[in-house]
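You will see two complexes here that share chain A, one where it goes with chain B and one where it goes with chain C.
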Partner chain A sequence: MAQASAASAAPLSLDHARRAARHRREQWVTALLLTPGVGFLALFLIIPLAQVFLRSVGLAAVGQASRFTWGYYRQFWTEAQYRDGFFFSLWLGAASTAISLAIALVFSALMQIRFPGRLAMSVLYKIPLVVPSLVAAFLILSLIGPGGILARLVFHWGWSWPQLVYDRWGWGVILVLVWHNVPFMMVIISAVMASIPHDIVDAARNLGASPWAVFRDVTVPLSLSGISAATLLVFIQVFGAFAVPSLLESAYPLALPVIMQTEMMDRANWALASALGSVLTLASAAVLVLYYRLVQGRGEIVR
Partner chain B sequence: MTRTAAFPSRAFPWLLAALFFGLAAIGLVVPLIVGLLWSLVNPRAGWFPPHLVPPSLSLANWRAMFSVPEMGDAAIASFTIAPIVTVLCAALALPTGYALGRRPVPFRRAIEFLVLAPIIMPGIVIATGLGSVFIRIGLEHTLPGVILVQTVVVLPFMIRIVTATFEAVPQDLIDAARNLGAGPLSVAGRVLIPLIVPGLFAGGVFTFIGSMEEFVLTFIVGSPDIRTLPVLLFAYLGGRSQIFTYAAVVTMVLLAPTILFLFLAERALKQEYLAAGLGKM
Partner chain C sequence: MARVELRGVTKAYGPVAAVRDVHLEARDGEFLTILGPSGCGKTTTLRIIAGLLDPDAGEVLLDGRPVHHLPAHRRETAMVFQSYALFPHMTVAENVGFGLRMRRVPSAERRARVAEALEMVELGGLGGRYPRALSGGQQQRVAVARAVVTRPKVLLFDEPLSNLDAKLRERLRLELRALQQRLRITTVYVTHDQAEALVLSDRIAVMDRGRVVEIGAPQDVYRRPRARITAEFLGIANLLEATVAGARGDRYVADTPVGRLEMACAERLASGDAVTLSFRPEDIRIGAGGVNCLRGAVQQAAYLGATTDYVVRVNDALLRVQQPGEPAYRIGDTVSLVLPEAPAVIRER
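Presenting the complex of A and B:
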């Protein structure tokens, strides 16, 4: 409505003043409308995050003396358990993102082909999206755990089941996270793939490209916007995941979020937990910046 | 010739269907059946290796839902908190979504980034900050505290979905209503609100499920006094003694509403809402 009045107004100074007043009033209305949502997030997100950073350098403590120190960061880097936790979380993030991405890419491309029951499948595959990660952990545990149904099945045939959970490399954790994240990636990636015009794929096929070549050279490059967003989101989520690693990892190394929870709830060492949290945040932010750099470079190709 | 190469045989679509449904059976149906069986295990007989099916079934674990106080309390807590969080999110997101979707907003990029932040930030970091602040203001281990922390992490989905819905309302309809003499209130009540109801519904589903499933913030800010179903599930799965039977019951109670919602809302949860909620950065 602001545009409409602006278009009809004559260039008189009185009108100008009225228009300015109206503009100001509109801005106030906008600010008022934004307040509930944005204000809430500002209050309950920015203040706590500021608290985390202050706490990590020894300030803003409750019930004890505050003194500026880098000691908690030094502790993170010098004590092996914390450093190993950081790299273990990094490993979990990288491995489950790479595996999920490979699977999601192939499945998303296959979902573009017509096959019987595709509609039912397009609902079915989204179920893990609404399954809580703890439930996913339970379901996978009852499937592949030491006393799980698969272990019992292969025992009947006289084989032994490999240890997939509580292992050094966190394969059980990775399996649950992949199970959970493949559908998430598929939702984003297949939405982008569905918007690729059929003509382009048909043209490539007519020019003699094999299905694999079309997938590699046409479908994937044209879906890069969705692929990169999905990859980023999954990596950051897994990197900061607490519940699944906490349930399925071995005794050492522990994922960084698990260490943070122990420091907070068992040892009431909020300062160290805050320092570890800051490290987690900064590492995630670094990945985010890297992502925007990469996306900016590719933006023109992908439209 | 290319056609035949694209579909090596007439059987290809059927092979594809077999692949997908086979995977769904192994990855989805079998675990769900095993989970259901665990919830029906007779506690007197147990279900120990190498039995492939429980030797005897009973409803004893389901009755525990009512006889074991911690399970009943957690169910009540979950089903109380989720609707409150949903209504709170809708109330907070509606005006903000309208402003972001239909008005020129200053500092738009910064605001969008703030709205995106809780989605990408690790939950444990937000939990550390909120836990530490809530101890200071006395909100830790309280119901209002848990409601507030859950709202922080699910509100962004609601705002993004409501914003996308408001953006999609054609300006022509609003102009037409106004030209026909409708005031701002009746434009809002008879044009705008009916047009955004599907988006609001989708956002509500997202929020409700998000609240039901939220674990890490609830765990750190709420426990041990406020325990929702996921927190209880964590207790049954972790620790020294796993209680698979109770875990299975909690799993089923958690899954039923979410899967039901998914099917009910499949129409509302169109790709564009999902994309607005999750994708597009």
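Presenting the complex of A and C:
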């Protein structure tokens, strides 16, 4: 009996050792397989972000004494030019997203209808997508700027042209951003709207829904996944926009990314620029979290 | 209650005419079925009645009043779609109440009517669910409730049972028939299922290649089809091309691929007329004696439960014959067949 159990125990422990060795080997293989993905994220995302954050609290500075401080964040909040810059960027993001969304929704819905020239329209509306935003800014500037085409035209009739660029509320900036983002939103929203079965729209019409009621009660609710994604993408992009505001905004307030650039390049104040950058990133992340909270409940109902 | 009339309705998609010069009438409270193979234009016809499609030519009248210029949402028709087309983002109650909300019915009345409609289709208590949480049969009932709750003048059905399994389909078509008879709403029902058409309809309109080829009561179109496509499409038909050879009183003799047959025909036929004779498999008797007695060899025998289905070769022609009960003959057996003396005579080949 004892002999039998000893004989069976020996191969059992051997088997155990072999299994452990294989387990270790598999762990190495797993780690190796993960390296490209995780390594990429670490190298290009986590390390730079960490460095920006460390700099913003006075650490990891190059050629300077490192000392931990929240001072740069305090400076951001207490000095009006930085705080106003943050809210100005927030305003640009909110206003241009809201205006772009309203326009994109209506035109996306219209693009679902068959009409002559629809194919040509669907190509033409995408043109702004391939125009770089700097070029777009110059286009709009030469059209509505002081001394631009329209200003000269109305001056010809003795009227004065309202100030649409370099103004306090950044309407010129918003106009360019809207011009640029409407087609971007339309590409996403049209695709989602096109996937709504025709029968569902027909059923709504058949049950007495006017075209507007179909849009409000069926098309928009069933496109929410695309609408929310497009809104999020445009908002975050505009919130951190640099080129268009730097070209078309007034002297005060300045958009936060423009201030960052000045602090970094003109004043070599890397620590403050890093703090501003961290604030921008955190605010965008907060919007992202809010977005996921919002879509989580909805995704289960639709599709 | 209402009367629906189509006058000379035509609709083409590009060069292809989907519907050609269709004249059709659904009488007040009638259950009219449009039956035909896929692509015959029946769904197009239904959508034209609903206003979801505009006809290229012709008129749609509701109670004698032209409505083809009205957009879909002012037509007072209610449609049940093949896909049910329930709104996935609304609960069952919101789906059923949608039409009432669009008509600005006050919310208290709306709730009562939605509850009543859901009771009627035996879905009381499921109002809070979303469509995706329901079975196919339940979704179909929601679609029916959503259509009838608005008390439309005309109910339109586009193959509403085709996505269900056979057992459920059979039960639901009886329920649909009972519901329609209770509500007496004029109904136009589109299907390619001949059994559905026979069970449900007051009258059947058979469509083929964009035209209405025949319209009549179920017994008439089944027993006395006037078009070849009707005989072929409704049930199983043995179609024999025949040439009238002569007359004896009200009886005629005709030459067919299975030999010379004697038949009675209410219509006048002339010698030399080319016609098609249609025999239903259940009307052919296996056994000897009398006129129209033929001999043939059994080629196939299939047991269907209540009946046995034989394929019998007579000369070069194959005849389908159904006899009640279990198979009594085997493949290769020679049998005598007696063909009925009153086949359906179709004046086309």
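FYI, the second predicted complex is superposed on the first by the 261 of 303 C-alpha atoms of A that agree within 3 Å, B and C clash if a C-alpha of one lies under 4 Å from a C-alpha of the other, contacts with A are read in each partner's own complex, and residues count from 1 in each chain.
We adopt the following convention: contacts are C-beta pairs under 8 Å (C-beta built on N, C-alpha and C of every residue); 3 or more make two chains touch, one makes a residue touch a chain.
Values in this document were obtained by computation on a predicted structure and should not be read as measured data.
Enquirer: Check whether A:52 is in contact with chain B, with chain C, with both or with neither, and answer first, second, both or neither.
Expert: After superposing on A, A:52 lies in contact with chain B but is clear of chain C.
Enquirer: Identify the partner contact of A:221: answer first if only chain B is touched, second if only chain C is, both if each is, neither if none is.
Expert: The answer is second: A:221 touches chain C but not chain B.
Enquirer: Does the superposition put A:106 against chain B (first), chain C (second), both, or neither?
Expert: A:106: touches no partner chain.
Enquirer: Does the superposition put A:205 against chain B (first), chain C (second), both, or neither?
Expert: Both partners, chain B and chain C.
Enquirer: Between chain B and chain C, whom does A:197 touch in the aligned arrangement: first, second, both, or neither?
Expert: second
Enquirer: For A:114, select first, second, both or neither according to whether it touches chain B, chain C, the two together, or no partner.
Expert: first
Enquirer: Return the chain, chain B or chain C, that is in touch with more residues of chain A.
Expert: Partner with more touched residues of chain A: B.
Enquirer: Give one of first, second, both or neither to describe whether A:125 is in contact with chain B, with chain C, with both, or with none.
Expert: Touch status of A:125: first partner only.
Enquirer: In the overlay, answer first, second, both or neither for which of chain B and chain C A:232 touches.
Expert: First partner only.
Enquirer: Pick out the shared contact residues on chain A: the ones touching chain B in one complex and chain C in the other.
Expert: Of chain A, residues 205-206, 208, 210 contact chain B in one complex and chain C in the other.
Enquirer: Provide the residue numbers of chain A that touch chain C in the complex, in ascending order.
Expert: 197, 199-200, 202-210, 213, 217-218, 221-222, 301-303
Enquirer: What residues of chain B sit close enough to touch chain A in their complex?
Expert: The touching residues are 2, 5-6, 13-14, 16-17, 19-21, 24, 27-28, 30-32, 34-35, 38, 48-52, 91-93, 95-100, 103-106, 111, 114-115, 117-126, 128-133, 135-136, 148-149, 151-152, 155-156, 159, 178, 209, 212-213, 215-216, 219-220, 223, 230, 233-234, 237-238, 244, 247-248, 251, 254-255, 258-259, 261-263, 266, 271, 274-275, 278-281.
Enquirer: Where on chain C is chain A touching in the complex?
Expert: 47, 50-52, 71-75, 77-79, 81-83, 85-89, 98-99, 102-103, 130, 146, 150
Enquirer: Touching residues of chain A toward chain B in the complex: what are they?
Expert: Chain A residues touching chain B: 1-2, 26-27, 29-30, 32-38, 40-42, 44-52, 55, 62, 107, 110, 113-118, 121, 123-135, 137-143, 147, 149, 151-153, 155-156, 179, 184, 187-188, 191, 194, 205-206, 208, 210-211, 226, 229-230, 232-233, 236-237, 239-243, 246-247, 257, 260-261, 264-265, 270, 273-274, 277-278, 280-281, 284, 288.
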